[in-house]
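Taking it in order: structure first as structure tokens, then the write-up.
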Amino acid sequence: MTTTTSSAPGPLRVRGEVLAVRRAGAFRVLTLSAPGVPAAFRPGTFVVVSPGDDRLTARAWWIHRVEAAGAFGPTIEVVIDPATASGAWFAGLPVGTRLGLTGPLGRPFTLPRQPVSALLVGEGHAVAPLLALAERLRSRECRVTLLVGAPDEQHLLAVREARRLVRQVVVVTEDGSVGQRGVVTDHLPGLLRSSEAAVVYTAGRPDAVRLVAQAADDAGVPSQVGLESPMPCGTGLCHGCVVPVVGDDAVPRQVRACVEGPVLPGHRVDWEALA
Amino acid sequence: MSDVLAGLRLAHPVMVASGCGGTGRELAPYVDLDGLAFVTRTLTREPHPGSAMPRVLESPSGLLHAVGLHNPGIEVFLSDELPWLVRAGARVLVSFCATSLGEYAELTRLLAGAPGLGGVEVNLASPDADAVGAFDAREPFHAASAVAAVRRELPADLALLVKVRPDPVRVVETARAVRDAGAGAVVVGGALAAAMPDGRPAGLSGPAIRPVTLAATRAVRRAAPEVPVVACGGVTAPEHVRAYLDAGAVAVQVGTGLLHDPTLITRLAHDLEETP
Amino acid sequence: MSDVLAGLRLAHPVMVASGCGGTGRELAPYVDLDGLAFVTRTLTREPHPGSAMPRVLESPSGLLHAVGLHNPGIEVFLSDELPWLVRAGARVLVSFCATSLGEYAELTRLLAGAPGLGGVEVNLASPDADAVGAFDAREPFHAASAVAAVRRELPADLALLVKVRPDPVRVVETARAVRDAGAGAVVVGGALAAAMPDGRPAGLSGPAIRPVTLAATRAVRRAAPEVPVVACGGVTAPEHVRAYLDAGAVAVQVGTGLLHDPTLITRLAHDLEETP
Amino acid sequence: MTTTTSSAPGPLRVRGEVLAVRRAGAFRVLTLSAPGVPAAFRPGTFVVVSPGDDRLTARAWWIHRVEAAGAFGPTIEVVIDPATASGAWFAGLPVGTRLGLTGPLGRPFTLPRQPVSALLVGEGHAVAPLLALAERLRSRECRVTLLVGAPDEQHLLAVREARRLVRQVVVVTEDGSVGQRGVVTDHLPGLLRSSEAAVVYTAGRPDAVRLVAQAADDAGVPSQVGLESPMPCGTGLCHGCVVPVVGDDAVPRQVRACVEGPVLPGHRVDWEALA
């Protein structure tokens, strides 16, 4: 029984399996069988898995790509940064490992009704949800600019693929090994102007996306931020993932990042209170 | 099964534990709510913003939580959440706690007339209830006063559950006292009193505490067999439900297990049907 | 470190918890006993054969145990086991419990003259102590009487530790009471009261209970900062020792962790040296 | 510091690694690196490993074979029956898994001072500790007879190797697929007589070894039994593995199977009380 008002199919709990693990620079891309999940996927949604019966909280991962009917049935891809403890655990699972996973979860990126210009900003693994978004935007005839950042070449995700998909791809690395030297915020004001963006999309950790949302705000452009904040259950049950927001009535409230997010309008997040 | 909890017609004896079913809507994609006993998160007179983050952390085979009774207040719940749950067919039990005996009575009056309500669960077991100034019910006598205050105002056709700390050493006295004060059943098992790494009071739940709750359940059944017990703690598999029922519980509640796998209740109920 | 426990000169603040170091000899292949604080299994006046099997079972991230105070009696211990431990250089603390206040005094007199003894640990925390008819010390007042009976007979140069249940809700009162009655330090943390699958009373130990013991440790340090606390529960890694010390404990004891890896104490002590 | 009175080196806690897993009928033979363990090994000793930080009790395994200086350094072999939950866990560990292991633990089989005739009896995986024992007996010029039992051919361990090592090997299977049909106890009285055994050695679960010990007792022959009873720690620390025994003074006592056993004189075990 799905009782959400949206017409999309709801999230599912499925028994998945690690089908393949491949390297993408410093990251690992895992292909997981996930029956039913591709059909309900929209860019900005995620899946959760828990490391085991003894480690009970959910770990959230953006759905990077879906395949509804591949050789192994319905599959999804996730991009894992093995530099964190959870990432190392997940990326290290041997092919064949079976695990319970729940998804797609959360509210996806909202697509513009008009074919406007959109600026997508992502750093490191957090570029993962933006490629599928770029595709959908393109199919709505939006002009898409993608700003990709990373500390170095190893942490640049899917740039080649992005170039095939997107009108303009701007790459910045902190060490200058690829593209321009610097961080994404150096290039935001300029790109906001030059792309004539009517909307900014971003995803990542609160400290990173905050800067993007603020740059957008400064330029008077609305933003949609996919927030990577801790989600103990991921399904809306525990109230353990609240994010402070300011309502249209200017009243401070809290929303659960997992069900009312992870994608939120940048101007609604109370960034001061979140820190 | 139908009558054990004061006339609540339940589809099966596996209930949603307080604070672990969201508003119910979030559970709906995974579980058929029709006939399911759903205990709400603990509600209070006034809305509460809850605790600071982090609120829920992992602990070995358990969860530590300090949600701080985040809730919109009983009145908002009654207007905004209860009708949906009732329409979905859930047997709704409102968990609540209050700051004084007078407020227990007042909140019970508010709840008494709520259309479709199945009953209440008086929460005397929250490790972080101090934070909201909850009435101190550590001593059996005080626990009994709170229950008596509720009993006086609660219509007889509503179930009255009382949730008590699953402390094997103390639980029998408390269970007897609240039963004498009018509880229809005692829920043995909130989270264990614990602390977040930063020292804030927190509850410890999940498989880690199951042997404690099982011992407390047994202690009540042995020393006070007249008290119907609903057991709650660490259920994640069918054999845990059976262990609690074997120990004499009339029903079980599932909390942490649902956060880990929201379809758990369906699986547990299914197993009970297969092997009654 | 040397003086925190009434003059026991310890090599480091990591101690062997009661009941988890065998007779000491079994630990010797893995750990240097010289300067190590070794708490014996809990001894009684008479020898006890202990409980039926199974005695120790696995539980999620923990151990359930109902060893039933298996011990050869204090006199046999003093003649057959203590001399070896003293020769090995261990700082021996005899854990014991008694059936009456008179017996507490009597046993203390027996211990008072034991050559090389470092001190005693009065065990008021055993979940399965009822089985041997131990003096009921649930109420702080009774706990204090037992400690006072020991204090009167114990030479001032022997350390007097008192082990209490790590119940965050009740521990402060008990800690204050036993401190006032003469305890040199309070050991916060026996196993939690639980039960074996077959219903026999048992203790629950190990990582599963660490957040509970940590909360109890904090509660005592906050509410009764004058009480020195030795923390005991779920230590299996250096960061756990540090968490307890940060919470204000003067030392920690290690039980379950040693059963899992008998070299654990060496690793913990080594870590403390590296990062003092 | 080793303080045991024996002159053998004491047990060690080491960081082992699964180096190889091979099938032996229904069983799996695991080769584990175990620095220091081979040097202290004597037949009848065992190692313990725990499945993890969330599953804390020890699992005990006979040391089947040791190699002090192979290509991978000091290694041991254990024979695992994957039909039990613990066995399935251990046998299923991928090669490369590192784990803490403790050993060699326990009192080994006591060897006769004279070159007498010895009857060794084992069923299924419990033949594991008997081959090394047979070797040592042979090197003391004892005449060795080995009685090996199993439900079927799949559960017969190391028969070919045994035939090379031992004067007489008698094989019985319940289904008669190899050797004689039956169970070991059918053949014990006859073999005790024909081999003129002065001592019987056996290992296995209490219910199995009890029958062997009793047959030996009935024939007036002393036995040494290696008891597979649960050992929560394996090291003597927890007092959770007690076995009722009767002392020479006929006074009932308890011994810890892990340190005072696992090998005990058959006539000392109080079999009634153990059941």
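Note that the chains take the letters A, B, C and D in the order they are written out, and that residue 1 is the start of every chain.
By definition in this document, contacts are C-beta pairs under 8 Å (C-beta built on N, C-alpha and C of every residue); 3 or more make two chains touch, one makes a residue touch a chain.
By chain, with names taken from UniProt: A, D = Ferredoxin-NADP+ reductase subunit alpha; B, C = Dihydroorotate dehydrogenase.
Please read all numbers here as calculations on a predicted model, not as lab measurements.
Farthest from subunit C, judged by the mean position of CA atoms in each chain, is A. If each chain is reduced to the centroid of its CA atoms, subunit B and subunit D end up 51 Å from each other.
Averaged C-alpha coordinates put the centre of subunit A at 56 Å from the centre of subunit D. The centroid of the Cα atoms in subunit A and the matching centroid in subunit B are 36 Å apart.
Looking at subunit A, one finds that residues 53-54 touch two or more other chains. Subunit B has residues 60-62, 206-207 in contact with two or more other chains.
Taken chain by chain, the contacts link every pair, so each chain touches all the others. Those residues of subunit C that touch subunit A in the complex are listed here as 60-61. The touching residues of subunit A, when paired with subunit B in their complex, are 1-4, 10-13, 50, 53-58, 100, 102, 230, 232-233, 235-242, 254, 259. Looking at the complex, you find that subunit C touches subunit B at residues 59-62, 64, 127, 138, 165, 167-169, 192-195, 197, 199, 201-202, 204, 206-212, 214-215, 218, 234, 243, 247. Taken in their complex, subunit C has these residues touching subunit D: 19-23, 25-30, 32-33, 41, 49-50, 53-58, 60-63, 65, 67, 70, 88, 206-207, 236, 256, 258-263. On the side of subunit A, the complex with subunit D involves touching residues 52-54, 94.
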